[in-house]
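Presented below are the structures under discussion, each in the form of structure tokens.
Below are two complexes that have chain A in common, paired first with chain B and then with chain C.
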Partner chain A sequence: MISLICLPIVQFFGNYNYVIHMVLFSFLYITMSSSWNIIGGYGGFISIGHNVFFGIGAYFSGFIYARYGISPFYTAVFAGMIATVFGFAIGLITLRVKGPSFIISSIALLMIFRTLFDRWELVGGAHGITLPHNTLSVEWSKIPHYYALLILMVLSIYLSWYVRHSKFGLALRSISHDEIKSEVTGINIKIIKVTAYALSAYLIGAAGAIWGDYLTYVRPNIFFIILIAANMVLMCILGGKGTVTGPIIGTIVMIFINEFILANFGASELNIFFTGLLMILTLLYFPDGIIGSLKKRKLLPGFLDWG
Partner chain B sequence: MEILQVIILGLCLGFVYALMVSGLTLIFGVMRIVNLAHPILIISGAFVSYWLFILFGLDPILSVPAAALTVALLGVLLYKLIFEKNAAQQTYSEMTVLLTFGTAMVIDGLLAFLFHNTQRTASPAYATDAIFIGDIFIPLAQLYSGMVSLGIIVVLALFLKYSEFGIAIRATSQNRTSAELVGVNVKFVCLISFAIGCALAGSAGSLVSFVFSFFPSRHWEWIAILMSLVVLGGMGSLTGAVIGALVLSVVSSLVGAFYSPAWSTMVFFLALFLILIIRPRGLFGIRTD
Partner chain C sequence: MTSLLSIRNVTAGYGYGPDIVHDFSLSLNESEVKCIIGPNGAGKSTLLKAVAGILKPRSGDIFFEGKNLSGKEAYQIMRLGICFLPQERAIFPNLTVAENLRMCAYSIKDKALAASRIKAAIGMFPVLGQRLKQIAGTMSGGQQQQLVYARAFTIKPKIILIDEPSLGLAPSLVEQTFSHIKQIASSGIAVLLVEQNAIKGLQTSGYGVVMDLGKLVFEKPANEVLQDQSLRDLYLGKALKK
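Presenting the complex of A and B:
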């Protein structure tokens, strides 16, 4: 933890932008996969359209930045709230179905938002919004994003841990096993499900706001693509869904693999290929993920066992 | 008059859509797998026909059997490698949907790596022609593809209705255990239905290759479009799929003609979303829970 806080010091000794980029990219995806884990892992509702909230957050903060000049670092909090409100509204509608129907409805949701933002002229249509660069020098321009995403990551892990060990999380996990039995035991399943969905949207939305500022442009074909959601799902499943440390480990492994492929084969199409292949292999042979499998065999080291 | 024109064009496309979803609904009926890889299999079929046309000048309609066979073989391979384990139990899980999702990504990545994401269309001579009936013009590409699709669907329906194997397929999709009891080799039926479903995807691909412009990543959009058609008609029902395809295709053409072409695909997505929420079984669907 302390080493992560201190890592930007390397910039004093030269330009390590690549290292900084990779680490903050990991922060971003750990935030997203841990948040996804709340509804997808504990709740058992597999959403392959969860980056809708990522896009909503990015567009909200990006729009305000471009129009009124208020930096996304201030508005990220509100971007998260907007995402939560959307999450609540969408959850009320979509969480009534489950299983494959829910998965398909999440894809439909993503396509609806993609089409909307592609056509919405106020936010630039398919070209999106271009944001101004920050005024820091090359070495230091990534540092604000680094710390912002570090904070979001810590929050997301804490949230995931808290949900896992709270009564709320217990109710959520019982819903994922059997909705009807849970309802019989007096759990208000609707409130629990929708709250979990909205909670998982909050940090994804906030992360979207920061990421939009980092990229300096917000476009539908960057934020509303299914690949982002696929990555969230895969990272979570690879690490072990329904565990606190699973998404963290899954994300780190996945980003290493991605970088390895990019460095050796270059083409991003092959990246899609290997992501899909990894997903198939994980689902067929390690459905419990890395952490889940280790835990089952009682091989999990204590410092990774957070529940 | 204009409205009639739009409806006829919508119907022509509707039959192509119906063929595109017939395989999807067949596989769901027999194996309870929501095959998200179906659209990318259609695009694989389109590539087969496209290259046969570019390299040998073979008409895409004539290459329907070639595309169907290629994609069916691909399907058998996928089935053996990935789905056989899950086909054994009738209850599906979310994991199977994710498996097909991963499969779609694998094929998408491979095709995009080989052929890049550039828009392609096979352009046989009739692709730009049209015939006129009174005031109404019908582009030949749409007309031919619609008629071929209708033909294939009719053959499929007859096969399912009257042939012995078709009856075995329908029995399996109605009740797997009972089918097994009366001596149906369910595993074999699953394999063959999967292959037939993929063959239908391939044949749809050949027709798609000159009706739509296609590129590998386009299948993400088609997942939602095809799902909306089957979900409206009801998963697992061929009649439902055809009706769903015709209805939504006409509605989307009407929206495209009288409101704005930019919003015509929105019809599919909104329909999918709303139907899943209001009536997940669709109009003619089989119970899944």
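Presenting the complex of A and C:
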């Protein structure tokens, strides 16, 4: 943790922008996969449209920055809230169904938002919003995002841990097993499901706001693509969905493999091929993911066993 | 009117399908044990689901302690004091025993009370106390049954609805299950039981309710039903002609 806080010091010794970029990219995806884990891992609702909230957060803060000049670092908190409100509204509709129907509804949701933002002239249509770059020098320009995403990551891990050990999380995990059995134990399953969905949207929305500022542009074809959602789902499953440390490990492993292949084979899109291959292998042989499989075999080292 | 639970002219069915339960009425008094028996497809489980609120009755009302339950969600009905144990084991096999017990006490808001109830349940079923960290699905059948019935002692409902408790159980487990049900009944909880194993069910109950094709055929003290020849006929289908 301390080493992560101190990492930007390397900038004093040379230009390590690539390292900084990779680490903050990991922060982003750990935030997203940990948040996704709340509804997808504990709750068992596989949402493949969760980057809708990422996009909503980015657009909200980006729009305010472009029009009123208020930095997304201030509005990220509200971007998360907007995402949560959307999460509630969407959850009330889509969480009535489960299993494959829910998955399809989540994909449809993403397509609706993509089309909507492609056509919405106020926020730039398909061109999106271009944001001013910050005034820091090249070495230091990533640092604000680095810390913002670090904070979000820590919050997301804490949230995931808290939910895992709370009564709310227990209800959520029982719902993932059987909704009727859960309801006759006295759980208001509707509220629990929708709350979990909205909760998982919060930090994703806030992360979207920061990421929009980092990229300096917010566009539908960057934010509303299924690749982002697929990545968070895959990272979570690879690490072990329904565990606290799973999404963290899964994200690190996947980003590492992705970068390794990109660095060695260039931008040949082999990385996407290997991502797919890895997923097939994981689902076939380790459906519980890295952490889940180790836990089942009682091989999980104690420092990774957070529940 | 004074009965704890009264089912009045309830008609129920699934989706757009036909009515499974027709115009059915039944009442249950405090600490009474009634067993509903009848052939497959008689609508016994459907009736219990309607009482538990999982299935909304198409017509008719269900009153509990004088309150109309229509329009109430299953979790609200459960919080009023009607505990439903669905067919198959009413436990969460993917959770640990400790978590299952916490789930049992979910509806108890007072944390200290919930903890003491769980402790009391473990006192009744000591084997659960030894296996708190085990995943419930990996316990033996008998231990899982104990976990199912621990719920009754954790939440102390006024009525417990049990759907086919002996379904798919080994004969020795059937004995154990019915002894748990007797234990629940003797603690003053009213029991409404649906059972295929008519003889076992009736031996446990005060009253036997015979149901066929969604209708009430007759209701008698259990020992009379046990001796009734027409019961045998009913299972062979003669009741249809009556």
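To be clear about the criterion, the second predicted complex is superposed on the first by the 306 of 307 C-alpha atoms of A that agree within 3 Å, B and C clash if a C-alpha of one lies under 4 Å from a C-alpha of the other, contacts with A are read in each partner's own complex, and residues count from 1 in each chain.
Convention: a contact is a pair of C-beta atoms (placed from the backbone, for glycine too) under 8 Å apart; a residue touches a chain by one contact, two chains touch by 3 or more.
None of the values given here were measured: they were computed from a predicted structure.
In the superposed model, A:171 lies in contact with chain C only, and not with chain B. By the touch criterion stated above, A:115 is placed in contact with chain B alone, chain C being left untouched. In the superposition on chain A, contact of A:233 is made with chain B only, not with chain C. Touch criterion met: A:97 reaches chain B, while chain C stays clear of it.
Once the two complexes are overlaid on the shared chain, A:186 sits against chain C while remaining clear of chain B.
Contacts from chain B toward chain A in the complex involve residues 34, 82, 85, 92-95, 97-99, 101-110, 112-113, 116-117, 216, 220-221, 223-224, 227-228, 231, 262-263, 265-266, 269-270, 272-273, 276-277, 280, 288-289. Of all the residues in chain C, the ones that touch chain A in their complex are 52, 54, 73-75, 78-79, 83-86, 90, 92-95, 99, 102-104, 106-107, 151, 155.
Contact residues of chain A toward chain B in the complex are 44, 46, 48, 93-94, 96-97, 99-101, 103-105, 107-109, 111-112, 115-116, 119, 225-226, 230, 233, 237, 267, 269-280, 283-284, 287. Every residue of chain A that touches chain C in the complex is listed here, in rising order: 167, 170-171, 173-174, 176-178, 180-189.
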